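Look for chain A in each of the two complexes below; its partner is chain B in the first and chain C in the second.
Let's turn to the complex of A and B:
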């Protein structure tokens, strides 16, 4: 991954949090492409269209939540419909530790970060992947 | 003996709005904080109306989801009191406790007023 061609997908129903994520990513990687989705269903469409490298995913969203989003992605990869392997960072306000651990084991999930997001956590993760 | 019914006082020590925390979340960008706060403030009446509707229908999944979403937004923006009340509402919805949810919802609406007053003072 390099800074110039990186594509982010933000899947988050809260407009306010999307704006904060977007501003943060824009500061870190000014040349990146940032795509936004308000729920998992939109996220899947954008995923097929844009093949993002990194996804910031909320779990509880109306219409389609993060669980179903991950199910579809996993199925797509098993069936070889989706070729690339995205890195998914789940950003969630879920507090139940067991639930968080189970999310962490899901397909392509590289990290689970609690809301409110501490941006330094996200920054250090991204800097490992995009030097 | 302490009443099990939640009261406004149960949350009164929790800060209504933590400006410094909010500013830190937006990397000290005051203009971004203003935009974010505008979105949050504008969403509050919509959230209250949605909760009222779902309470009438006793739609627990939606009530839990609405409280969960409000919790995340509130904590992100430094509205600690609203976030803590929303968290209690989320748990009440999970347990399908209509009485508790209703009591907490009243406290939530009072807390919204307190938040709006603080936010207005900050803008003046």
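Let's turn to the complex of A and C:
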């Protein structure tokens, strides 16, 4: 992944949290492009339109949640329709351990982080992917 | 190439629709999806002009696809806008009213499908 051409997608219904995550990313990667979606439905449209490299995904959202978002991407890869393989970081307020584990085991998910997201956590994760 | 997408979970029904569509519009390529998730991926990947959409399917219903396209249009995310023909065994007036208020739905057809009506509708939407 190239620092200059990196494209992030934030899928999160809470405007404040979206803003915070956006600030984190802009601070870490000032030259990156950051796209925002308020729910999974908007997120999936942006996914197809912009082909992001890294997605920060909330689970509980109106209209369409993170679960369905992941379902669509997994089905698309399963049927060999999708070529773009973004790294997905789930950022969630879910506290139930079993639920968190089942999200973490999903094929499309690279990492699961509990809310509130700390910038250092994000930094150390992204450093592995972006030289 | 111009194309049509059929989203229907029952194999026999899907085949029936496919044969029918190919007869009416032979110049169109026909794509098939047996569930809503695959349907969404094919929509964005192949960008068909027209979608025949079954509403009642296991796990994710046709409503998911309508929701996604409405968000796309409302927030001007993707300029692509297919014509969606919903095929549904509508049981209540509320359901019919709800469907006809959706901005992305071009037509609503009952199930079982009256094929001569579908032929007319396809001719109108595809300008055959």
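General observations
One rule holds for everything that comes next: the second predicted complex is superposed on the first by the 131 of 131 C-alpha atoms of A that agree within 3 Å, B and C clash if a C-alpha of one lies under 4 Å from a C-alpha of the other, contacts with A are read in each partner's own complex, and residues count from 1 in each chain.
As a convention for this text, contacts are C-beta pairs under 8 Å (C-beta built on N, C-alpha and C of every residue); 3 or more make two chains touch, one makes a residue touch a chain.
Model, not experiment: these values are computed from the prediction.
In this overlay on chain A, chain B fits alongside chain C without clashing. When the shared chain is aligned, chain B comes close enough to touch A:60, but chain C does not.
Looking at the shared chain after the overlay, A:93 reaches chain B, while chain C stays out of its contact range.
Shared-chain residue A:41: touches chain C; no touch with chain B. Once the two complexes are overlaid on the shared chain, A:111 sits clear of chain B and of chain C alike.
Of the two partner chains placed around the shared chain by superposition, chain B is the only one that A:119 touches, whereas chain C remains out of contact. Using the contact criterion defined above for the overlaid structures, shared-chain residue A:27 touches chain B, although it does not reach chain C. In the superposition on chain A, contact is made by A:76 with chain C only, not with chain B. Of the two partner chains placed by superposition, only chain B is touched by A:14; chain C is not.
Across the overlaid pair of complexes, the angle with its corner at the CA centre of chain A and arms to chain B and chain C is 100°, in steps of 10.
Between chain B and chain C in the chain A overlay, the least Cα distance found is 17 Å.
On chain A, the patch touched by chain B and the patch touched by chain C do not overlap at any residue. Here chain A touches chain C in the complex through residues 39, 41-42, 44-46, 48-49, 63-64, 68, 71-72, 74-76, 79, 81-82, going by the rule given at the top. Within the complex formed with chain B, the chain A residues making contact are 13-17, 19-20, 23-24, 27, 58, 60, 62, 92-95, 115-117, 119. Residues 35, 37-38, 40-42, 44-45, 60, 64, 67-68, 70-72, 75, 77-78 of chain C are the ones touching chain A in the complex. Put simply, chain B touches chain A in their complex at residues 25-27, 29, 32, 35-36, 39-40, 43, 65, 68-69, 71-73, 75-77, 87.
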